[in-house]
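Next come the structures, one after another.
Presented sequentially are two complexes of subunit A, the first with subunit B as partner and the second with subunit C.
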Partner chain A sequence: MSTAAILKKNSKLFLPVLSMSIFLSIWQVLHWIIGGEFLPSPYQVYLEAMRMFSIKIGGNSVWMHIYYSLRRVILAYLLGAATGLPLGMYMGWNRTFDKVVKPVFEVLRPIPPIAWIPIAILWFGIGEGPKIFICYVGAFVIFVLNSYTGMRYTDPLLIAAARTYGATRRQQLFNVAIPASMPSVFAGVQNALSMSWMCVLAAELVGAREGVGYLIIQGMDMYKPPMIMVGMIIIGIIGASLAVILRRFERVVCPWRRDLT
Partner chain B sequence: MAQRPNIKIECRNVSKSFVTEQYTINVLDDISLQVEENEFLVVLGPGQSGKTTLLNCMAGIIMPDAGQILLDGKTITGPGPDRGVVFQQYALFPWKTVMDNVSFGLYIKGVEKSKRNEVAQKYIDLVGLQGFERSFPHQLSGGMKQRVGLARAWANGPEVLLMDEPFGALDAQTRYAMEKETLSIWEKDKRTVVFVTNNVEEAIYLGDRVIVLSCMPGRIKSQYPIDIPKPREYTDPRFLEMRRKISDDTELSL
Partner chain C sequence: MENVCKLPLIPREPTPYITHLKAAAKDNTISIISFLAFLIAWELVCRLGIIGPYQLVPPSQLVSTFIMKLTQANPDGGTLFAHTKASLIVALTGFGSAVLIGVPLGLFMGWYKPVDIMVTPIFDAVRPIPPIAWIPLAIIWLGIGLPAKAFIIWLAAFVPCVINSYTGIKLTNPVLTRVAEIYGASRWEAFYKVGVPSAIPMVFTGLKLSLNASWTTLVAAELLAASEGLGYLIQMGRRLSMPDIIIVGMLTIGFTGAMMSWGLNLIEARFASSKRVNL
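Our next item is the complex of A and B:
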């Protein structure tokens, strides 16, 4: 077997391992250049991770902190889907409704979720409320935008085809427009989860007693760069895992797209 | 004496123009035609002759500016399951399997699942797609997709089939096969067909009668009954003679 063939056969395993090693090497080299105090080495971060997972931080294990963050994200995400998807779809389907709602939405949309933090604390106090609200805002906007786009760009020919079979307006909506918008909706479903996950950390950086964001703040307060970095890596790994889970889910729900990508 | 044939679908003085900001385009100008029950009528015209617009008017997808279209003597006001359309771009539902695409019309009519699958299966078999019932459209070739399109239109039991350059996007080889297939389905399950094309050979091969449209605005230029018995041979001298006559009459190059 030629080298190329071996490469091809093992590329599923080989290439990710290769890219990881390059990443870790660059990190190690930067550690030497910048100095240990500001950029801990991968090994130091690994040791810190081992330590953190074996103790309680702020009264909770790391797993519990992850659980707190995930719980906020999932609650906010489900709320965002339940309100954002119907709103976006209806905006895409009904021109009049679109014209009424769009101007308000366009003004609210560019406000970053983080900018809502002060007002959210004012409204909901310092408990779970503001954190869930921030994540909700982030997810909601993306749910609306993607379901709107999906609906709006439904191939008019498919609607025409349904009409020639005598489909009522309602049947056109449920049997054509909604399924046709699913691929775009699913792009939103993934982005909304990433967005929600990013927002929870921002929210937790401000006055939380638990959550992955709290871990990072603890690392900062105790001046422990390795601890900050463990927190960051946990964020990355969980964010990536959530994306993988959703992609699996999309394949189940949109089987007609199985052969794409 | 043969009985006076039934007129199935009829256009009376149909005109249609599209208005843009700069100018108005007259697409159809005073089109009148009658199609008999179970007749296979081919409308032949170059691009821009408005033949697709004419078909869409007959389907009820768009409304003519003037004139009317009658089905069994009643003016049509919109699309309906009494007219089935086969689209050039297939217009299959990508999220539905072949079976669900073909049974779509019956589903809209509220026919129960076992019954509609039974009917759909009959037409899937008729177009030669048995074994592909559970495939999705993107897994099929262009010719197979249009077979699904034919089966979907036929399965709904329309009185009139409107076919809009259905084989225009296919390669020549597949196109011949599909023309043959269409005729054999039509022979087995006769319907009134209005078939639009820009291909002279296709028109003569399929049509009981060929109507030639002129270009911009679309007007009826001439009509040719095709008396050659079906199935026809492309090399039949009568076929070639007809082809020469119609070609001389058409501005197909554009």
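Our next item is the complex of A and C:
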């Protein structure tokens, strides 16, 4: 076997390593060019990470900060799914209900969830409330939109067929329309999670005493770029892992979607 | 077997136009009534004191605040128009530069293997970090002025531009490319005559996502560090405990964002007509 063939065969193993090393070397070179304080080298960031994981920041260990952020996201996400999915589906199913809810929803929809932060703080104080609320808004809108779209674009032929075979309206909804809308719903499931993850960050940046957003704001206040970067890496890793976990879950729940990788 | 196929024939008369109009009016009546009901309920909740004036204000007061903010700079140092303008300048600067760099980069990444290999690792390493997480670093690097905000928005808009252009051109039907090459097109000619046109719809999807992302991120950046702009306006509203300012600000943010998306849709309809797409 030639070298090229070996490389090709092991590309799954080889490419990530290659890409990481390219990335790290570019980073290192940039560090040499820009220098010092501003852009710490990967090694400095590594040292900072070791330091941060061994001490308490703002009274909590890094693991606790991660736990706080995750708890907020997951709570808000589940709440968003529990309310957004039924609402979106019913809006897609029932024309009258759609007409009733649509105007209010359409006025609120274009407002980015992050713009809710100030009013959420007025409403819920500065505790867990506003953070969960912001993440909830972010997830909720995406859940509604995707389940609505999924429902509206259900092939009318399927519904007509069910009706021809004498299915009641209820059966048409639960046995035909909802399963048919699942692919679109699951597209939303993924987006809603990354949206909530982004929202929790924003909420924690604006005002919090714990969470990963607090970590990077703390780094900024102490003028420590390495600390910010460690925080950003943690955020990136958690965001990516959440996406991977969800994709696994999606493959279990929606086994007919084989195009998912 | 004969009676099995006896389906009733449904007479299909063309619906008179007036019926159509009536139906449309009826549809909208429901919407209008429900929206009015929503406003009235909101007004009542505030007027009856169920929710305090430091948490929510009735819609009637929103209208007067809105009219007041059109001309007065108090209490936050700028009229609504000035804040909107400030935000738009930052958002469009970041978005525009992201499109100028991101779309060509994504297209080249999808088309030329070496570019793909060079850029993808960096891109993949940076991508999972939400643009908002860059705000503290950007503030340290660039201060709190236009450059920092433009940088963050650039990042936010850049990623969807690249991903969608990349995917769009990767999905170019290989048959088309091969036909072009058989007829003697160079790799470059095939790129801009076949690859790019076929990627256009995906590119526009990317632009829309980018625009959304840049508007959202702008608000976040302005909440954290700004002295003008709509994000700053709502942040000031919170500091002053004035829900009317916050809600007027939020609605303006939503409206401006929706207008920009609408504008982009018009451009898409103009330049990415389906005729060109279905090669």
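By our rule, the second predicted complex is superposed on the first by the 252 of 261 C-alpha atoms of A that agree within 3 Å, B and C clash if a C-alpha of one lies under 4 Å from a C-alpha of the other, contacts with A are read in each partner's own complex, and residues count from 1 in each chain.
We adopt the following convention: a contact is a pair of C-beta atoms (placed from the backbone, for glycine too) under 8 Å apart; a residue touches a chain by one contact, two chains touch by 3 or more.
Everything numeric in this text was worked out from a predicted model, so none of it was measured.
Participant: Which chain, subunit B or subunit C, is in touch with more residues of subunit A?
Facilitator: Residues of subunit A touched, subunit B against subunit C: more for C.
Participant: For A:W116, is the partner it touches subunit B (first), subunit C (second), both, or none of the two (neither)?
Facilitator: second
Participant: Check whether A:G166 is in contact with subunit B, with subunit C, with both or with neither, and answer first, second, both or neither.
Facilitator: first
Participant: Thinking of the overlay built on chain A, is A:V100 touched by subunit B (first), by subunit C (second), by both, or by neither?
Facilitator: second
Participant: Check the residue A:S54 against both partner chains and state whether it touches subunit B (first), subunit C (second), both, or neither.
Facilitator: neither
Participant: Would you check which partner chain A:V176 touches, where first means subunit B only, second means subunit C only, and both and neither mean what they say?
Facilitator: first
Participant: Which subunit A residues are contacted by subunit C in one complex and by subunit B in the other?
Facilitator: Shared contact residues on subunit A (touching subunit B in one complex, subunit C in the other): none at all.
Participant: Considering only the defined contacts, which subunit A positions touch subunit B in the complex?
Facilitator: Going through subunit A, the ones touching subunit B are 155, 157-158, 160-167, 171, 175-176, 179-180, 182, 254-256, 259-260.
Participant: Using the touch definition up top, name the residues of subunit C that touch subunit A in the complex.
Facilitator: Interface residues on the subunit C side: 27-28, 30-32, 34-35, 38, 54-56, 118, 120-122, 124-126, 128-130, 132-137, 139-141, 212, 215-216, 219-220, 223-224, 230-231, 234-235, 237-238, 241, 243, 246-247, 249-251, 253-255, 257-258, 261.
Participant: For subunit B, which residues are in contact with subunit A within the complex?
Facilitator: That would be residues 59-61, 78-81, 83-85, 87, 89, 91, 93-96, 104-105, 107-109, 136-139, 156 of subunit B.
Participant: Within the complex, which stretch of subunit A touches subunit C?
Facilitator: Of all residues in subunit A, those touching subunit C are 18-20, 22-23, 26, 38, 96, 99-104, 107-119, 121-123, 194, 197-198, 201-202, 205-206, 213, 216-217, 219-220, 223, 225, 228-229, 231-233, 235-237, 239-240, 243.
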